[in-house]
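Have a look at the structure that comes next, please.
By written order: A, B, C and D. Residues from 1 in each chain.
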Amino acid sequence: MNSEDVPSSSADETALAKRVADEMYRRDQASRNLGMRLLQVGAGRCSLSMRVREDMLNGHGTCHGGFIFAVADSAFAFACNSRNHSTVAAGCTIDYVSPGRVGEVLEAHAQEVVLAGRTGVYDVTVRGEDGRTVAVFRGRSHRIRGEVLLIK
Amino acid sequence: MNSEDVPSSSADETALAKRVADEMYRRDQASRNLGMRLLQVGAGRCSLSMRVREDMLNGHGTCHGGFIFAVADSAFAFACNSRNHSTVAAGCTIDYVSPGRVGEVLEAHAQEVVLAGRTGVYDVTVRGEDGRTVAVFRGRSHRIRGEVLLIK
Amino acid sequence: MNSEDVPSSSADETALAKRVADEMYRRDQASRNLGMRLLQVGAGRCSLSMRVREDMLNGHGTCHGGFIFAVADSAFAFACNSRNHSTVAAGCTIDYVSPGRVGEVLEAHAQEVVLAGRTGVYDVTVRGEDGRTVAVFRGRSHRIRGEVLLIK
Amino acid sequence: MNSEDVPSSSADETALAKRVADEMYRRDQASRNLGMRLLQVGAGRCSLSMRVREDMLNGHGTCHGGFIFAVADSAFAFACNSRNHSTVAAGCTIDYVSPGRVGEVLEAHAQEVVLAGRTGVYDVTVRGEDGRTVAVFRGRSHRIRGEVLLIK
């Protein structure tokens, strides 16, 4: 990742990313119901948190992989739509590193790696409260028609 | 995938897979709370269903990718633990093909592709009610110490 | 994979797939120089072979992952172009199961899993001479403009 | 990626990484025959270059994906063995962003993302001569018994 690929966001870009994220979050029942909170957004990046609840535990008593994936996937979605171009996930990979524990607040940090034409690649790191890496996620995005927000 | 890699399960293997799955399901709050149902299990395979609920929708009004992932991930977990050796996910990939619609019952079919030493690869296809492919998932498993069920 | 997603190829489709593959192979110096041979092609599928040469060995004395990937990637390319629509790889995953040995002839069998609009997913299994699985590969394809062969 | 996960290498670590890489390169016919050159190594990281030769071209006249994969895979191998613990690839993903052109020198930069127990995740970016991203690669490593170099 170098500065040519991922310019840091200007104040205008950050303000737009914030408005888009607020609107996406408003419409996104799934992320809200899972208790996700927006921590930070900018052009091509987003950080979210989510507490591991009792009803998110699998048979091993640790966070079901689907919920670790979900918080990463939402951070990815907010990051890849942050320029207000409607964009969807094409495919994702996740590597689990350490289990998520009940009661713990996970943080997912998404960052654009490259954006070329209508295709982008985003990396998300999910961390536990002690800063350890819980999972690493990579998402491939595809830009479709339309905008998230109508801006006159 | 050929018959050397993935022998069809015997009656005993299917009975064991069923007992293991029942126990895993009993302990797995996440899968139960998401409304997943066990359709079929056998050695190295599992089918689950899950209805797409209102609270699973993302900002596009379609099923959040995290829940499509979750049903695939649970089917994978049941399949890779089906021989009663405790086994965890190391990493997964998902490719989204078609959105999941509200109210629709998704089915996830997991099948072992190869098992070599402590590592396995499992493919899961998630289908919609009309039989279309919603997503394809591939999981890599890693066998750890212990069994799911204590069997005298 | 069901019959809706992947119809078996008709005689015409198989003949077209064969002509396309012959033309692709003629243009593809890399596959030829690696000693790959076309074993079989059809609509959405292709089998290739490649012998593991001395100059393909890595520091462990086994086949460098890049060459195992290459034979899988070529089988994927032939399969996803088999309907004569120009199609490129968007992304791939490979899981290594067993090393490839010097002198051994590897076979790569590619099969379409799903084709939806301009996007397809293909699975490739790479096998050793004794039939064991050497690697499993999944490729995501993207159809672009144009045809491989000009057909009046 | 934070400093807890990936400490920067000390002078001793860098010297060891250099010795290990020299030895691996000496044994690795495949990387040598593909014209790869070691640019830089350190604990958990490695940069390699490779010129795209005529015999690496596919039917589109661009670098066959297998060779782009190979340079990424070699950089990954050198990075994950850089602490002198024998380590192999378990699985990899690659996303293609831009074609590699004939005559062009590609550079692959591998960096450890996380190392937890015997499992590591490494990201590799492959760049063209103009600095554009050609592909992004992620490898999952598994530490096995033994060392690369015998050190008294």
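To be clear about the criterion, a residue touches a chain if its C-beta (ideal position, glycine included) is under 8 Å from a C-beta of that chain, and two chains touch if they have at least 3 such contacts.
Keep in mind the model is a prediction, meaning the values are calculated, not measured.
Undergrad: With contacts defined as at the top, give the pair, A-B or A-D, that has more of them.
TA: It is A-B, judged by the count of C-beta pairs in contact.
Undergrad: So the centre of each chain is just the mean of its C-alpha atoms; given that, what is the distance between chain B and chain D in Å?
TA: 33
Undergrad: Cα centroid separation between chain A and chain D, in whole Å?
TA: 27
Undergrad: Roughly how many whole angstrom separate the Cα centroids of chain A and chain B?
TA: Here chain A and chain B have centroids separated by 24 Å.
Undergrad: Provide the list of chain D residues touching at least two other chains, using ranges where the numbers run on.
TA: 90-91, 93, 95, 119, 140
Undergrad: Can you tell me, using the touch rule above, whether these chains form a line, ring, star, complete graph or other shape?
TA: complete
Undergrad: Along chain D, where are the residues that touch chain A in the complex?
TA: Per the touch definition, chain D meets chain A at residues 1-2, 4-5, 93, 95, 97-98, 113-114, 116, 119, 121, 123, 125, 131-133, 136, 138, 140.
Undergrad: Looking at the complex, which residues from chain C come into contact with chain A?
TA: 90-91, 93, 119, 140
Undergrad: Quick check: in the complex, which residue numbers of chain A touch chain B?
TA: Where chain A meets chain B, its residues are 23-31, 33-34, 54-61, 63-67, 69-71, 73-74, 77, 88-96, 148.
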